[in-house]
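Quick notes on the structure that follows.
Chain IDs A, B and C follow the sequence of writing; residue 1 opens each chain.
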């Protein structure tokens, strides 16, 4: 697997540089950038992981909680700089529903094919469900509904206030899992118990190089979305919600499914739900603040279809997880919901 | 009970034929058709049951899962042929909320009066709750919200796509309960453990006759709804949601309540929730496809009141069932919700 | 604590009378009225409690269930008489979300700081969650959605019908907890096991005096809201939802937090959720009926922001309580949700 990824990287990175300077068709450049970002995100994840192992569980946990979605953050940064607020919101939406429905769904399905019934910690599932309701549903529905009732109002002020509250709660959640209730999350240490792949120095170097490469590819990706949209008749929202999100989360997909296959459902859900929470409660607020600095203010007022997709995903994952058990049918349901939402965005 | 039903049948069937050809008042014909469909639905249910017992649990389960709501399907077919899309959607809505609130509510209330606390399998309740969220909430909210954001858009294409996904999931659900996780549903075999009432040949004959009679009465019913609407000042939606739905589901009501009284709450909920799922995930998609053939396309875009009624019913039943226990107060709540929704439709 | 309250009362009561007749600034009078209502509500609560203890658990339970929110009822009565329907609805909204998020949130947070994990009865939590879904979500969403789909329709008739259903269910809920399923609620008897503070005669006298004083202060409060709104640039809705609601529920806050600190989480949640249910299913219907008598009809059609705030609060509290356990992070989430909603109303 890792060998295939390296080969992919060795082909796509040079191709994208050559293609950019030779002015290849934008659709081709988009495809190459997508194909480059997938292995780069994997390399960044492995480098972060190595540093995290060397730093011990607490600093390591903090690192994963802040850099775990660096790729999404970088892509969004370039889209934000171009003023493509709609693309940023679409890719945030896509990351959240992709993690909740696609990653968790595939995990439950694949794990459920091998194991008839898989169990996971209900206390954590309950706390995570409430966190999702807060960080996704409440944090986004309130600005949308209050904005609707008060057109021309203080959408931006509400969004900044809500972002601050949400980020504080995210930090409190880290404090909860790393300090006051760490024993509940013991299982996550399994994730880090293997030896580090690289030394700290090497990992930092790889991380820096990969980040630079991701930045280059992300800029390319953002600049070519419009052309792809025109060429295929796909809306930019569809590209953001489905395609960009799948690329940015490919690494999470493979790890979570592997854990589910090994019947470590707690870990699989931690990856899927943890990544969604990080997007909603850390990446999104950071982007709101960044957007102010960049002079293209982004509010938390998402479109109704995006909002509906996220709210329904949160409820579905809670309904699936509330009994602390999963099976292959529940995984199929999450995937079915993802396809239904995808159909909706396709025809939007 | 069965004797009363037979007498009712012996009176209403000839009356409806005579009345139709003598051009009696449409309100009278509507009432007669209603009174005829109730026992016919019961006979069809018993005939299906007999064939199911002879066919063994798997084929029998499949039969119940496809023919269990044949009456609703036939009524909807005639309404669809007349282009009465609103009536079809209203009767689907009514069947879903009727099963979830009225059938399940009466079961919890009646069972709860005899038994202080009734328990049922939480794994199944959780899987069913997620299925309802998918088949009712997600499958109907997505077309409605996406249609709203994109007027004149591809409502029909979205509806067809969603219908296909939903039907596949329904089939996967059958595969789950009849094959991979059959042991979870062992209790349903009690339902079929009695001896078959009729031989296969006799049952098939009775089923054919009853189906023909239901078809006749359904056509009568559909043709007289407008007159009843004008006469009593009830909207066609109210008639569809409340009256037609109660008639079509009378058989489910009596069986479920009987099971609850005998403290077989798993069976009672299986009837109520199973029937809702069948309407939402099998009958509704079939009607979408049929509507294309009949040339009166029906989308999955229901009215907001219908959508709200269904979504709230699904959440209420999940809140009531999530702890795997019920009592008479929970039954009273479901009935109260039904009355509240009924009041809403009455004044619409 | 009680001494401080008495001193506050001894200062604010005369001041408000003097201030009213000397025509002090309305902002000052508003502040004095607020400062007087807090200890008065406490005194009324203690007097009701004394009478309840003397009356035995059943009559006592009934008394608490009807007079427990007398202060809110009195404030709302004066606002209703002035035709300030918006202020009444805002203060009802504020009481419901204040109890669900602020009181329950502070209880979970404070209790959770002392006790890593607090448990409570899941059966009661489930029944209460369903009751909230019915009494808050269904009872308010149906009139709003059906009213929206049918402008100029029978909003008032729907509201009266729904109010009757909701009140019947509230009475059935009392019957459930005081008679048929009393043993489930055994823990509430702890609340009443202490000796009564006052004799019945003394308690009735104190209750009468305090009620008269609350009535005086409430009228003052209602008459000065507009001036405060103009002076500080706060909307009347913000004042109703946040300020009036906190004042009216101060007594609940302190008792619930004390119970949580003593690890009696069942009692703490009973106070918070019970008070919300009482507002939604008893005080609100009573106000609908009262509004007809006063000639300023109030419907159950709340504004969308109010509706969203209440619906989200009910879902959050259910997500937090569905596993029968709480911790400090869950308390922080409820408080965070309260702040987010407060930010929304502030900028409305």
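Here is the rule we use: contacts are C-beta pairs under 8 Å (C-beta built on N, C-alpha and C of every residue); 3 or more make two chains touch, one makes a residue touch a chain.
Keep in mind it's a predicted model, so treat the numbers as computed, not measured.
K.L.:
Can you work out the rotation angle that lays subunit A over subunit B using Cα coordinates, in steps of 5 degrees?
P.N.:
So the copies are related by a turn of 120 degrees.
K.L.:
Regarding the subunit B and subunit C pair, does the interface count as same (over half of residue numbers shared) or different (under half shared)?
P.N.:
Mostly different residues.
K.L.:
Hey, how far is the Cα centre of subunit B from the one of subunit C, in Å?
P.N.:
Measuring from centre to centre gives 40 Å for this pair.
K.L.:
Could you list which residues of subunit C touch at least two other chains?
P.N.:
Where subunit C meets two or more other chains at a single residue, that happens at 322.
K.L.:
List the residues on subunit A that touch subunit C in their complex, please.
P.N.:
Touching subunit C: residues 122-123, 125-127, 129-131, 133-134, 137-139, 141-143, 145-146, 148-150, 153-154, 157-158, 161-162, 165-166, 168-169, 172-173, 176, 180-181, 318, 322 of subunit A.
K.L.:
Which of the residues in subunit A come into contact with subunit B in the complex?
P.N.:
116-117, 303-305, 308-309, 312, 315-316, 319-320, 322-323, 325, 327-330, 332-333, 336-337, 339-341, 343-345, 347-348
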